[in-house]
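Multiple structures follow.
One chain, subunit A, links the two complexes that follow: it is found with subunit B in the first and with subunit C in the second.
Moving on to the complex of A and B:
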């Protein structure tokens, strides 16, 4: 890593505030904060990304270097910055593109260098496209960067749906027998990375993998952008290291404003966990609850809101977000959501939880993308977390709404 | 050898379920369900490989494929 001494800028952010520093999104402020784009060769960028242990911040948490290596091995590759963020409970990509667009674009340029790509794309919702265009007007990059407007749909950000949209088609997932890293945009090897992942990459190349690892845990290094919503004083986006106490994460958005019943983590494809402030927000810390950090989402459910009804509402939304391509998904998810909704009503027959579980088994794995599996995860998590409520509801009684809890 | 279902193409016509009852059954909406394995893929034993090939060839939507 001796090559680093020529390019490393001395002002590496010392705290967990790395990506979101100040409101000024100009190139001048960006360069003042982070220094110029480092002149690091592609093979060294690959190694730095691997040594840093960077993982995707779009939700799946896949190791970035594995996609980078796969795409770099192919001919004439393409890189796509994915800021579609179809997840309703997430706004971190939108905030990042507003206040740190140059960090994302730096990451895109460096990722392109790492894989040897001359063509890149930015795929973002219409509100963010203006911010990206404004940032592009202030830079001169050695590669082509084309901005595409993403559809406002839950699955619009799924990797193969992104590729389809950039190719001029509908933003719908495709069958995974052909991998995007082998055949994506224009049939060429394609690296699709979440915009936050690219922003971290831009800092790793500037300050090095060891600096990156000074935040987070050994197994899950670095910081992440979290979106906290529900009954908190100041809902919104904050940056935290992996492994942070979930209580500290909630306090960073002003803290809970009323008694809390449960937390939904990871997003609408995520899982419910108990409101224990000492739970570590990391893959390791959430594993025992069947949840993952996902795209850094925490939804705080008040004690007087019905967890079954809330889960049913989210399942209904997800069922409506099927792309309509895969039979098990567009038939199964509405049936599962409707069954769950009946379960959440008072005085329901006892067999419904079993029917939700049967439908969950029936749709799992049967789609071009993971939308059925993610929806099943939420349904099962709801059955588990609010299981004692099912019996109460059957008897005509909702504990949360009657104020019986806590 | 594995039989792969492309769910974006499958329309639930049901020919494959008739030709390969050893591997597939129908779900509530007449779409194929693999009897074992992950939801979009099922292992094909050598003794029914011929039937599997026939199912692939006869799928009206070309939604089935054999992979290594």
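Moving on to the complex of A and C:
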């Protein structure tokens, strides 16, 4: 294996499959695939990230270079690799840390160089911590890397919650009076990046922004890791370019095993879209459905499952995941989830949909983080997508459960 | 005309005391994340803040009208440097000291986000010094100090503020309806045990 790591010359850059190539996570396999860590100065890394158009892969899709530039402008900054992945429908960070931990750590080292940081942190769930420790044992990095175990909670991966956890506090989001890029870990400027974003960054610095843009669309370049679940033959993680037909994405995980009623994209904070295989999986393609690619999540809902009941179930989960810090979230989300659950029952009074909407307006924009807003997005999407079902349920009838026939 | 300044100063002074008492009681009684005196928590902090700003305006009227008043013989330096006034040196000095403290409290509160929560909180403890000093100034320096109605206002103010302090220091302050108030964070987050972090120090090749 050591012989392999020395022969790093004539390896062509990867094309379609970039992050997930083979299941050997060793440093030797990593160096054989991608070559050694490139010696590129920090300001050039910044420029490459900007030219590549890299966006955050944690769900929000924020342009990475803007955070990098803001943090680089501050004194004595810190970089945090965020692999908490509290989203139950996502497992791509977990898979990436299992099969490509050195790509993530390369990205962390390069991001630290880009902003001039000497101190970095890795924040991952307990199952991924062993993979990170194993990878770090085989590396010699010029920066300090501290591994933190993340709490298994939906909001534990929110940027300010990550900072709070790394600071030794509870992984609960904080108010956004000061930005994390100004004052984060130890009150210092902090760059928090999703682990997949860092892996892409490691490849952009190796192969250049133009190479990065050979996949994806002009507006949304690059590939992303998707997690497909629900009624598909081989649920799991696959790597696809932005703009991919959603049908091709589902086929990559074996295709649907049953007639499909709807797709939940983006995650539990995402939105429902119709099962049209020609919809492009990109910000632009999903916009008209009020959805975004989020963290690359697709959940395939079978035709014989009740969309209202499924949405109510997800809302119930999200309501239980409030940090309990903000009143509108703590009080409003359980109420909204309960109302939605009543909506999913048969023979319900007609005022419930209006009540969900009223509660949605009450909680939107009133949390320290976007948990209430994301939960509202799912609720509204459910009302829109399964609107005709509401009337059917009111009349004592569920289309999905009765096989779509009268 | 000269009498007008005198009356304005007295009136503004008395109302300032009443306002500062309200500010004190709301400040003492408020604690983050709970209602106080039937006001929701944002209401308590809004009234606390607005009453203190109105008090500052009234104190400004109080001081400016005394500067304009020939009997008071107040020099500009007496507004800033305490215990140097010609008239009732000690009692006027308390007023000057209180003014300095209140200016410090208001300025640091307006700059709270800039100076940081910890520095602001440390300085805000000065409120417990500012109010008694202002009260002493009123009881000693004022024209109305011997009138019954003023004494009534002064005594009621003391009773209310002392009662608020006693309540704050008591065991019942931290409870609502007999239940102790605690920082409520979702159990899934608060109870979760996390192993300590592991650090890999930086090593050069």
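We adopt the following convention: the second predicted complex is superposed on the first by the 390 of 406 C-alpha atoms of A that agree within 3 Å, B and C clash if a C-alpha of one lies under 4 Å from a C-alpha of the other, contacts with A are read in each partner's own complex, and residues count from 1 in each chain.
In the analysis below, contacts are C-beta pairs under 8 Å (C-beta built on N, C-alpha and C of every residue); 3 or more make two chains touch, one makes a residue touch a chain.
It should be emphasised that the depicted structure is a prediction, and the values quoted were computed from it without experimental measurement.
**Student:** Both complexes share subunit A, so when I overlay them there, do subunit B and subunit C fit or clash?
**Tutor:** clash
**Student:** Examine A:214 and indicate which partner it touches, taking first as subunit B and second as subunit C; both and neither are also allowed.
**Tutor:** A:214: touches no partner chain.
**Student:** Is A:142 contacted by the first partner subunit B, the second partner subunit C, both or neither?
**Tutor:** second
**Student:** Does subunit B (first) or subunit C (second) touch A:174, or do both, or does neither?
**Tutor:** First partner only.
**Student:** Pick one for A:362: touches subunit B only (first), subunit C only (second), both, or neither.
**Tutor:** Touch partner of A:362: subunit B, not subunit C.
**Student:** Could you say whether A:321 touches subunit B, subunit C, both of them, or neither, answering first, second, both or neither?
**Tutor:** second
**Student:** By the touch definition at the top of the document, which applies to A:331: first (subunit B), second (subunit C), both, or neither?
**Tutor:** first
**Student:** Identify the partner contact of A:17: answer first if only subunit B is touched, second if only subunit C is, both if each is, neither if none is.
**Tutor:** Neither partner.
**Student:** Looking at subunit A, does subunit B or subunit C touch a larger number of its residues?
**Tutor:** Partner touching more subunit A residues in the overlay: C.
**Student:** If the two structures are placed on top of each other, which part of subunit C overlaps subunit B: 43-51, 97-105, 115-123 or 187-195?
**Tutor:** In the superposed model, subunit C runs into subunit B at 43-51.
**Student:** Could you list which residues of subunit A make contact with subunit B in one structure and with subunit C in the other?
**Tutor:** In the superposed arrangement, which is not itself an observed complex, subunit A uses residues 172, 177, 325 for both subunit B and subunit C.
**Student:** Under the stated contact criterion, what part of subunit A meets subunit B in this complex?
**Tutor:** Residue list for subunit A touching subunit B: 172-177, 325-329, 331-332, 335, 362-368, 372.
**Student:** For the complex, give me every residue of subunit B touching subunit A.
**Tutor:** 4-12, 27-29, 31, 33, 38-40, 65, 67
**Student:** Which residues of subunit C touch subunit A in the complex?
**Tutor:** So the residues of subunit C touching subunit A come out as 113, 184-186, 188-190, 192, 194-195, 197-205.
**Student:** Subunit C touches which residues of subunit A in the complex?
**Tutor:** 118, 121, 126, 133, 136, 140-153, 155-156, 165-166, 170-172, 177, 320-325, 330
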